[in-house]
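Both complexes shown next keep chain A, but they swap its partner, so chain B is in the first and chain C is in the second.
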Partner chain A sequence: MKRLATFAALMAIVTATATACGGAAATDAGAEVDVYTTIDGTKQINASAPINPFNPVGSVFTGYNGMALAWARNHPTDPNRFYPALARSWTQSPDGAQVDIHLQPEARWSDGKPVTSEDVRVSIGLAYTQGGTAYALDPKAAGAAADVRVLDAKTIRVTQGANRSAAFLANLLSTVVVPAHVYGALLPRGFWDTLKVAQHDRGPAGERAKAVITGLADKVIAFSPEQDVSAGPFVLERVNPGAALLRRNPYFYNSRAIGPDKVKVLNYTGNEQIWNYLISGQLDNAPFTSVPAAVMERIRGARGSQVITGYSPVATSLAFNQSHKPYDNVHVRRALAYLIDREQVTRIAAPEGGTPAATTSGIHAKAARAWLGDGFAELEPYRLDPAKAAAELRAAGMKLRDGRWTMPDGSPWKVEIHVPASFSDWVSAAKSISSGLGDHGIDATVLTAADYSLYLSELAKGEYDLGFWLIGLGPSPYNIFQRLFGQANGWQMFGGRLTHVPPGTGGNWMGGPRTVEVAGEGLVDPGELTSRLNYVSPGEQRRIVGVLARIANEQLPAVQLWDYVNTQFVNTSRYTGFPPDDSEMLRLSSGVWMQLGMIRKRQP
Partner chain B sequence: MTVTALPGAAGRSRRATLRRNFWRGVWRVLRRKPSRMAGVAICALFAVMGVAGPLLYPAHLPRDDDALYAPPSLSHPFGTDFEGTDVLALVVTGSRYVLLTGLATAVITVALGTAVGLFAGFRRGWQDTLLMRLTDLNLAIPGLPLLLVLSTVWKFESPLEMGLVLGLLGWGGIARAVRSQTLSLRERGFIEAARGLGLPTTHIIGRELLPSMAPYIAMNMLIAVTGAVYAQVGLFFLGVLPFEANNWGVMLNLAVFSGGALTTPAALPYLLAPLLAILLLTLGIVLVVDAMDEIFNPRLREE
Partner chain C sequence: MTRATANRAGALARRVAGHVARGLVMIWLVATISFVIIREIPGDPVLAMYESMLQKGMSPDQAERATAVLYGFLPKGSLWEQYTGYMGSLLHFDLGRSLSTPGVEVTSLIGSAASWTVLPVLAGTLLSFLLGVTMGVYAAVRRSGRLGDLLALSGSLLHGVPVYVIGLLLTAIFATLWPILPSGGPVDVEFTPGLNAGYLGSLVRHAVLPVVTYTLASYGGWILAMKSNVVTVLGDDFILAAELRGLRRGIVFRYLARNAILPLFTILALSIGMLFGGSIFIEEIFNYPGLGLLLVNSISSRDYALMGGTFLVITIGIVVANIVADLLYSVIDPRVRSGGTA
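Right after this comes the complex of A and B.
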């Protein structure tokens, strides 16, 4: 009897272990179910967080139980390419001002109620409380939605304000949709009238109305529905600190396309946990994770493990505070660019997740080639060249004494490179750069900030000389160049008007000049050019991108170090049908892949 | 334990004899167990490493671009780090910061703790109450969370800054213990006698009470060094303190989070080298403390 009890207990443990390991086959009330195991790369699981997509740590997982109108494709140059989601299709007027959204006719919430235009309208109303590009309360803000009109139960029309933006469609289609019958009560009676006043009245009444709407933000974020009501392919079943379990939503409009019965989203506190999950074959998919070369070898060795790579419109750069000496001198910036061995830095810092930047253009190389064509090859590549660096330093008036470079007045020069301590790849890269500079007579040191938010706040205050900075955040050309010629460099959009604030104020830590001389173009205001990318024609966009890339290359507000590679991990032991290399789906979650008819259970 | 002033040359000679006898006794105690000699050798090795280690290597440690995370070899006994730098060189050059911090912490902890404990215990009354409430406050401060917060505003670029903070956080325990000892000793006959002779308070505290507690204080000082090493290496490991490639905590951090040392063996030597250094330093200190215990405690002497 005792032995039988022990055996039963052992069997229970084995079963529990199998479930915990996220195997394809698990039992659920006696029936065998397929569980797809993954992680959410955008957030860690917080079991006490509400099931609310407006809450940054809410238990809503994009593509699974969190739905948008459409899913952005990973295209190098066109930000307006989308896969349909709750919006089956959309039409935009020729001038781009008006968008009609046609919802999926079969779309239903997990409680059986249909997804209607009213749900989208309420979602837009809630988005206004949170702010954002398409939902700015100032009607003069570029690309802000000015009017939302329900045409019928499945069609809604959104019109942007007078200050139009090419990014309007993309921002609109990215809207998260929530059920009006759950979230609608969060919008007070008369909300839409208040919104109108906030958008159009420039007096005290307008300010009061804005305060009312933004005052709703915390209430919306804190809202905690009793249960998940999802229009996605899955609905949250339960969540604990270790994992969230989602079950299939039978009312999903394309339910037949969904392979797994359940999805388990595992929690993680650091990359090392994801590495171990991958090595043990627990995950069917993990999004981009920074991985050392030796760990990558072990992951590749796991049964069924595959690595998919694709385009990721992000690059890492070393940016200068040009209001600090000697970095106000372009020759010093160029000298440093000639002394950074980007191949070696990338090999040390991001051997599996990055490719050395071909040059500094402000754009990921793949997008840069598409935007610039032959012009890309004409940019100065800044290959490692100590002789050129020395010439540039002499041109800046720097002095070489006893083998070390000093400031023009002979005082010591120490390059201080700042990085957030939690970004191990940046820390390694900064150390490699400082070692390289040391080899060529420049004293350099690495300084770390305790965490990323502290790093960003100190950076914005202008406390750093040099800091690591993400650039090239495409595909929208405006988004790409606003990283170099946007708020961080002094250009700010207020009420539809572009202004330039002095270094050290309003988040202007890059401190670059307002205008620069560009051969063939004369005196150019790069921030103004960047803002024009929002509304000019595609042909003009291409011309402006060319000019801005040249400015980035010649003026070097930042030295582009490496372009990220979107390295995804999949395991084909249990499921097949994953996107191939370079797929436009690679930046989307597995839930979206399933919605689009991919991911099938492996047949024995 | 009475102190009688010995006049002139005779007094000096007697003190010299006492000193000679003391060091002979120390040598005898050390020789009694080989482990104690090993402890002294380890501590001496680290002291030499801290003083002369950085002088053995160039200011910019050489790197081998083609040997990232190289395995241990004759030229690199603990392999290389993420940029091909010899790990042993990093441990040796990094020892100065770690040891200086430990030393500064220990000195501050012991000096402050002893001063507060002696004064409070000897004076009693409202001074005792006030100082002990301060001590309670110090003991109640959660050290690590406070250091994490402090690190956001203070970069701790010098080991003395780090040592100062760790010392200011750690004196409470010693103050409490020294006060207890003082309360006990002050009732003894030799202190009564000193008082009766009208000797000044500074003499009673400095020449009568303090020598009686010297062994305890000395041992606490050594133990404080290990505590400080753990604390600062931990903070560097958490990544909240400034980056120095040769800092042992930074090495542990990079080995785990950048090299995947807990996942693959490639970066394991990079992880083990600073761990081994910390382990060895702790071992050395513990063995020396064992010897000190016997030197200062007559009951333990095995004549």
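Right after this comes the complex of A and C.
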């Protein structure tokens, strides 16, 4: 009995200690009024990674200690709208070939040195080693920067090559800027001359020069500065596997606009952890996170919790492999579209993060209305209609036997819908669709892939009949339609030339026809039209978007299920002044909001 | 040194050498098999990273900028060329460079994760062992009493509850409903790392839930095994003889525990070897950056070098634990030392 009493006393001490620790934490939290707590929605924290923005998992947080020339606005149709960042302003020549960038006159790095045109030049040089977008080495690549010239300490001119792209300005302004006095040594002597050879020489010398530049990629990506030197509102103080701590940069050009003294970016291993942070009121802001309805109720119940919603230029679709029977027949695809109850699917799969797609256009409904105007209403809406579905199936030659649809030769037909097991919203949607199809005489089943990597690999090999696929990735119209009429459907841009590869090769898993007949347009190559969106005039872009939306609607390479809603979580217990619903800032980080003068400490 | 001592030392050296040779062969075999399996896992890591970035709201241009360079990190050459290169690097203790943390050496990632694994898993293993063994003896001795039944029942219950259920339950109670403990991460980033009270206190606070989860999850197995062993030993003649000779209760208890614990000792040694595998569920739930979480992340991101390195470290841990257990067993049980004739 005496021993039992001792044990009980020990347990009491442990409990008291734990409670005291909690109290201390609460006290700590009370003293942390100036610490703004958030998560980085684009990546998880990796404390082993260098403080280097060229490293995809580096400890650089966009908008806090990571700075670009400008920040993209969330506009439904115009990808060239930006908020100023290190570039105070910019001017583009009427033909779009040349851009003059004027830097913030007061911009300084966190070590007190001024941000200059040379910093931008070095950053562009480093971006060439990584390749892609405006910094492709291929002279035929569209929208690649061909010349970089420092006009003065705060002005730099960038000219694009002969193969111009409408995306050039957007890609240029998105350039991440790093300090030349920290990163400059990564570029070897003679780098710019080598770059010229790589861009202009089509012979062996050009190939050698390209190899020299791309050979620097490893060195650039692995570069690990001893300490952070940031031109942003914050500078990294410390990072561990659980969180990163950033302190205010007194040299930031708009330092007076910054409310918090510090920012803590918490790490997470999955959405559940973010939900716990939100329910316990730890986060001042969390970017878009998929949340089930029951959890959403608990998050809303947390003190100070608010939800802001806005436009998110992404949609989820159920895409067909048109090289597999019977999905090569457009009537079958249409029949399935008439049998999918998108309202119900969205209610089950994405009640908070999605709105049922109005129809299939390949574009998010908000952008579609802006691009197509009255033309949007003229698209076939594919509302739930079993009678129309039956007519389409008959038109495809499918047979109805004992209440079940079969293939034209009478063999069984089973719709197999593939999803990655880790995407709970897609799994729920697939189950809802398969159940609905079953109710209308079509055998359907849901097959899950162990992880996303495996799913994408098998999808790309053409092993699936139907799979979930993100579409409508705006605002650039090229990006929107390349998801339906790009590499996944056989069109590839190689050396500035568009080619089409057969289904099952080169990542062509959609297997659609190379050309389609469009009323009033004749025979159209959708991939070629899509690639033209990169360089044609805005008026021509609008016309092409209209044609491609009609093709998507009539040919149905995919059935658009729901359009995403950007659901942001904020907590106004400690800070106020968050962007309102539908703000064009919503897809940017809290760090950018602060730069733009938002987020203030709540006054007692 | 007497001849007998020299003979014993020689026998021990031969035994250790035999164990080490067998261990090295085992490590080579596992490294080879895991290399082939890893390379045959389907999936395109760069494509997966690109699409994941789109999922997280990046534009296609941003995602392309972030991933274009990663194609240079993918293994090149035939499987045989990759294998010979891998084995050659292993001989120089070079595990290669990570794809998911591009530019960083795998050894550095594993070293960092191992340090975080040791605290919760080792503490949890030892705590659950001590608790389970002590309570197991108590439950066996008092097996006809209410407390003995209660202890045995607690063991059965906890043994049957999956570790992730315990972890999620504890998180829900102590980190969300009654938030007195942190729900994730190894230490509060606001404290300067070092031997200062704030940092150490934060380290302990963050370790409480993972350690308690691990302890509760493992405790059931230890108590049930110990109770069963003690009950068996209780019926042995030497215990009866010790009691009849009127030996002190403490001495009888020592006889009892020492004989009953022998089978558990091997399991403990293997558990400590397994600690290099971390505890996947616990590390995932509490965002504890140990080897288990590293392994899971390396698989999902198809980081071949990191996967191979992590498997190798786990293999080495288990092989070494096996050798140590085998050698130590002969120390604590003389019957093994003398070939069972004692």
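Note that the second predicted complex is superposed on the first by the 571 of 604 C-alpha atoms of A that agree within 3 Å, B and C clash if a C-alpha of one lies under 4 Å from a C-alpha of the other, contacts with A are read in each partner's own complex, and residues count from 1 in each chain.
In the analysis below, a contact is a pair of C-beta atoms (placed from the backbone, for glycine too) under 8 Å apart; a residue touches a chain by one contact, two chains touch by 3 or more.
Bear in mind that the values here come from a model prediction, so they are computed numbers and not experimental data.
**Q** Kindly say whether there is room for both chain B and chain C on chain A in the superposition, answering fit or clash.
**A** Once both complexes are aligned on chain A, chain B and chain C fit side by side.
**Q** Mind working out whether A:P241 is in touch with chain B, chain C, both or neither, as first, second, both or neither?
**A** The answer is second: A:P241 touches chain C but not chain B.
**Q** Does chain B (first) or chain C (second) touch A:V518, or do both, or does neither?
**A** Neither partner.
**Q** Contacts for A:G270 in the overlay, against chain B (first) and chain C (second): which applies, first, second, both or neither?
**A** In the superposition, A:G270 touches chain B and chain C alike.
**Q** Is A:A391 in contact with chain B, with chain C, with both, or with neither (first, second, both, neither)?
**A** neither
**Q** What is the contact status of A:A421 with respect to chain B (first) and chain C (second): first, second, both, or neither?
**A** The first partner, chain B, only.
**Q** Angle chain B-chain A-chain C between C-alpha centres, in steps of 10 degrees?
**A** That angle rounds to 30 degrees.
**Q** Once the shared chain is lined up, is A:D218 touching chain B (first), chain C (second), both, or neither of them?
**A** second
**Q** Tell me which touches more residues of chain A here: chain C or chain B.
**A** Answer, by number of touched residues of chain A: C.
**Q** In the overlaid three-chain picture, which partner chain does A:N55 touch, first (chain B) or second (chain C), both, or neither?
**A** Second partner only, chain C.
**Q** Classify the contacts of A:G132 with the two partner chains as first (chain B alone), second (chain C alone), both, or neither.
**A** So A:G132 only meets chain C here.
**Q** Report for A:A167: first if it touches chain B alone, second if chain C alone, otherwise both or neither.
**A** A:A167: touches chain C, not chain B.
**Q** Considering the aligned complexes, could you tell me the closest Cα pair distance between chain B and chain C in angstrom?
**A** So the smallest C-alpha gap separating chain B from chain C comes to 6 Å.
**Q** Please identify the positions on chain A that touch both chain B and chain C, taking each partner from its own complex.
**A** The answer is residues 270, 276, 279, 454 of chain A.
**Q** Over in the complex, which chain A residues touch chain C? Could you list them?
**A** Those in contact with chain C are residues 18-19, 21-22, 24-25, 28, 32, 35, 41-43, 46-50, 54-57, 72, 127, 129-133, 167, 170-171, 174, 214, 217-218, 221-223, 238-245, 264, 266-270, 273, 276-277, 279-280, 287-288, 312, 314, 451-454, 456-458, 460, 470, 473, 476, 479, 482, 566, 587.
**Q** In their shared complex, at which residues does chain A touch chain B?
**A** Touch residues, chain A against chain B: 270-272, 275-276, 279, 291-295, 297-298, 344, 347-348, 419, 421-422, 424-425, 427-428, 430-432, 435, 438-439, 446-448, 450, 454.
**Q** Mind listing the chain B positions that touch chain A in their complex?
**A** 60, 63, 65, 68-69, 82-83, 148, 151-152, 155, 239-243, 245, 253-254, 256-260, 262-267
**Q** Which positions of chain C touch chain A when the two form their complex?
**A** Going through chain C, the ones touching chain A are 42-45, 47-49, 51-62, 64-70, 72-73, 100-104, 108-109, 112, 116, 171, 175-176, 179-190, 192-193, 201, 205-206, 208, 284-285, 287, 289, 293, 299-302.
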